[in-house]
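For reference, the structures are reproduced in the following blocks.
Same chain, two partners: chain A is paired with chain B first, then with chain C.
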Partner chain A sequence: MHRLRTIGVAGYLLLLYGFIFLPVVTLVLFSFQEGRFPIPPFNGPSLKWYQAVFSDNKLTSALFNSLMVALISSLVSCLLGFLAAYGFARYRLPGAAPIKAAITAPLTVSYLIIGFGLLVTFNMIGVSRSLLTVGIGHVVINTPLCFAIIYASMGDHQLNIERAARDLGANDWQVMLRVTAPMLLPSIIAAYFLSVTFSWDEFIIAFLLSRFDVTLPVEIWSLLRSGLNPKTNAVGSVVFLISVVIVLLLEFIIFRRGAPRDRKS
Partner chain B sequence: MTARVEFKQIKKRFDDFVALDEINLDIEAGDYAVLLGPSGCGKTTLLMILAGFIPPTAGDVLIGGQSYQHVPPSKRPTTTMFQDYALFPHMTVAANVMFGPRMRGISRRHAANRAMDLLEMVNLAGSHRKKPHELSGGQRQRVALARALAVEPDVLLLDEPLGALDLKLRRQMQDELKAIQRKVGTTFIHVTHDQEEAMAIADKIVVMNHGRIEDSGSADRVYLRPATRFTAEFMGEINLIPVKLSSQNGSSICLQSPFGVLELPSSALLTDTLRQGDTAQLGIRPEHFRLTDRTNALSLGIATVKSAAFFGAYVRALLSLEADPDRLLIAHFPQDSGISEGQRISIEIYRTSIIVLSN
Partner chain C sequence: MPSEAALQRKGWAFVVPALLWTLAFFIIPFAVMVMYSLWQRAGTSLVKTWSFDNYASFFEKSHFVAGLINSLEITALVTVISIVLAYPLAWIIAERVSPRWQRMALILAILPFWTSYVVRSYAWLLVLSRNGYLNQTLINLGVIDTPLEIAATRVATVTGFVHFFVMLLTLTIYANLVQLSPNYRRAAADLGANGFQTFWHVILPLTIPGVMVGAFLTFVLCIGDYITPQILGGNNELVLPQIIMLQITRRADFPTAAALSIILMVVISIAYIACARWLKMERT
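Now for the complex of A and B:
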């Protein structure tokens, strides 16, 4: 009876994870295909399509563009999100509730609408499409996220710690830079990495707001239009690998840091 | 390094709620003062006004004879030790203690030296590289104390500093706090709701209730001769018995009590507003009951022990007097008194221990 249950649980787990990961596994597997089509039967493995990806200038520059947009736009999002969270958590503002609602509102609006709105706005004020406009688009979608994560981690306990810092002679900037920000570092890092992964994967806004220089998802999309081949699988695998690295980094930094503190308290 | 503190007609109102109502209080330089009262009595508000975190609605606080109205906490000669210690979790113990001196422009080397001296004083010299989460509650408390003293305040404010510690550690830290206060000479103002803690450390106890000062003075004075009924009850268990003042002459007073007419020395009367015929409260501390005959004792006659429980240092008994059987009196007897439930005993009390309070 007990064994039967164990088998049942294991089977369920296998099915669930299969459902989630089978597409990715297929994608990665056929990126090592020897032949010209990413369909069974599998013959390989071969790294030739990876070689094709990394010798393709358009793909590598798109990859670099994507990284730059993700890293820089996330930095801006985190900074804005932190400042907003600090303001809402530490000062009594007139009309705080509607302002707070307004800053988190973009979380509920679809990327298509945001991208479309930005496109119209940039056209109106005469800003031409570029990686900068893509970055601005990503700041728009990621700032509410960073704000929500950082704001959630600011509690009254830290309030007393900040009071103590002020009492010991620190001014407002010193309190923020030397006490509040370092204390919130785990959640700031979490917000940063999450924002990086969102920006890294984002397609619609990047598609609408870019022109000559494009990010990787946009480049992949134009590649897909000319049909499936193992090269698209290879570039997809690279994207997936980088996402995994970011998530692992996040887990490593946050959960390693948090672990001893949680155990104590 | 130390200063006198004077509260002048401090009032504090939060919307409709009066948190502090005309507080006038002087605390001498170098004193260890304890603000004592139930939660919501305004003691922490008073401390926060002194620290500069909360502005008073009216009145002023003088520190060393000087007014600090509109001066922020960082510019006052006070530091606060918070109830939750409020240590910086991302800094080492040494960095925590150095923080204040560094913010006040002292060089890294001097700040580090001062931090090490203070950590030595609180017996934590070996832990300077640890982070706060690696320390025990008592150790964190010492770090908070060292950090607060590192900026050499004239007045140190302690907001329920021992509240988070267990009983044994609390008693131990009381002694340490007092010893450190004696060593540095800084005026300490300590807020608590624990009257035993207050009596153990205070040079001056200030009893507060509903935003007013009920009583202030030395521990024995406040305990034995409290100014008000609230103070009498808050400082420890007491039997209060309604009486009527029947006559009064120079050296003695006569009271009509449920156990007959009592004649007491007039020093028992702790209020000067009582007139002949007024009602008052007779106060008897549980430890003042005696089993044996003594001179100058007042016999209360025969009592039945309704219940008795061993409390470690004493036996706590509930008594019912033959003269007034419906009232239960709380009495403490020595451990070896052999008191047990159902026993009939003859009790008496020193005339000089009894007090008379106004209603």
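Now for the complex of A and C:
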């Protein structure tokens, strides 16, 4: 009976992990395909499609655009989110609930609707589409995320340390920048990198709000029109690698610093 | 001591930047979209008289209604299948995997989450296409003679979605399971419950809030998504976001697209109200 259950558990794990990894493994494997189609049989390994990706100006400039938009828009999102979280957590503000709801509202609205709303608005007031408008859209979707993450980590236990700093003569800005922000650094960094990965991966807003200069997901989208192509596999694998590196860095640098997490009891 | 009013002013000053951004680039655009939905397109120009014609035409045109029904059916199917697959996985990771390896198992389970959204759908196309991995394997194993036509069907769309949401739900359900105090389990065991009874009567009900949060997230992200149905489902059974995108990119009919977007939002709001009691944001 016990043995049977162990086999069942192992089988389920194998099945689900297999399902989860099937597309990724297929993607990466056939990026090394020698032939022109990323379908079996595999006849690699060859790096020629990676070469094709890095010698394609459109793709490399889209990669650069994506990184710029992600890094800068996430900085703005984190700053806005942190300030708002600080205001709500440290000051008693009557009527705060509806304002909090307004700031977090974009989390519950589809990116398509946010992007389209911005498109018609920019259209109406005559703002032309560019990477700047894409960045503005990404700040809209990431600010509530940063706010929620940072706000959730602002506990009352940090309040005493801030009071102590004030008693020792620090002014408001000194308290915020030199006491509160360093204490919250892990969650601020987590919020920043989460925004970076969301922005860097975002398609629909970038598609609707960009024109001549596009971000990587939009460029990949136009690659898809040529059907199944190992070059798409190669660029997809590169994107995956960059995201995984960011996530693993986060995991090992920030979350592993403390003692291993144990259960609350 | 600064006065209460001065303190409040200072507090609001911290909130204002985020609030202004939300106002300028979220709330106002939303209002503009509502306004557009009440206007009409005539040829290439806009008729700026207010009417509900765009909303009326939603219910008159059967392919619009069909799009909404497709969206709801696919979303419901995806949400249910994803929960049924993810719950046991989260439970196994939380209960059967030794604490040392839990974090690793979880990171592995959600690693493909970080592939680009567009690329992930494309990767499923590689697997499911006529000459793809799945068909070739099944033919080589002698299970089938002719390739299955999965790409460009609803099955492909649902598969792509379920893949994404199994990862998301595993994460939320796991987080919920490990937060439960072991005292519940001890109390249930002391009172004579066996493993299954403990799970069914104690653990499962306690994790329902977490499951509901995950289900709501799945619903919102799934019903509003354009990429997965467009890449995997093709143009056979359009879902509402595909129809909205067609109005924007092909027909440049912003008023109709705006009305359809509002209808999509109303559907999401209904789901939000239904789940509201589980979705309270809390500060620890």
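Just a few scattered comments:
The rule is simple: the second predicted complex is superposed on the first by the 250 of 265 C-alpha atoms of A that agree within 3 Å, B and C clash if a C-alpha of one lies under 4 Å from a C-alpha of the other, contacts with A are read in each partner's own complex, and residues count from 1 in each chain.
In this text, a residue touches a chain if its C-beta (ideal position, glycine included) is under 8 Å from a C-beta of that chain, and two chains touch if they have at least 3 such contacts.
Keep in mind it's a predicted model, so treat the numbers as computed, not measured.
By the touch criterion defined above, A:D167 lies against chain B but remains apart from chain C after alignment on the C-alpha atoms of chain A.
Look at A:H157: by the touch rule set out above, it reaches chain B but stays clear of chain C.
Within the superposed three-chain model, A:P23 lies in touch with chain C and out of touch with chain B [touch as defined at top]. Using the contact criterion defined above for the overlaid structures, shared-chain residue A:L208 touches chain C, although it does not reach chain B. Contacts of A:L112 after superposition: chain C is touched, whereas chain B is not reached. When the two complexes are superposed, the chain touching more residues of chain A, out of chain B and chain C, is C.
In the superposition on chain A, A:E34 makes contact with neither chain B nor chain C.
Common to the chain B and chain C contact sets on chain A are residues 260-261, 264-265.
Residues of chain C touching chain A in their complex: 7-8, 10-15, 17-19, 21-23, 25-30, 32-33, 36, 85, 88-89, 92, 96, 99-100, 103, 107-109, 111-112, 114-120, 122-127, 129, 131-133, 136-137, 163, 166-167, 178-179, 181-183, 220-221, 223-227, 231, 241, 244-245, 248, 254, 257-258, 261, 264-265, 268, 272, 281-284.
Contacts from chain A toward chain C in the complex involve residues 9, 12-13, 16-17, 19-24, 26-27, 30, 37-41, 79-81, 83-84, 86-94, 99-100, 102-106, 108-114, 116-121, 123-124, 136-137, 139-140, 143, 147-148, 151-155, 172, 197, 201-204, 208, 216-217, 220-221, 224, 228, 232-233, 235-236, 239-240, 243-244, 246-248, 251, 260-265.
Those residues of chain B that touch chain A in the complex are listed here as 51, 53, 72-74, 78-80, 82-84, 86-91, 99-100, 103-104, 133-134, 147-148, 151.
Looking at the complex, you find that chain A touches chain B at residues 157, 160-161, 163-171, 174, 179, 182-183, 185, 260-261, 264-265.
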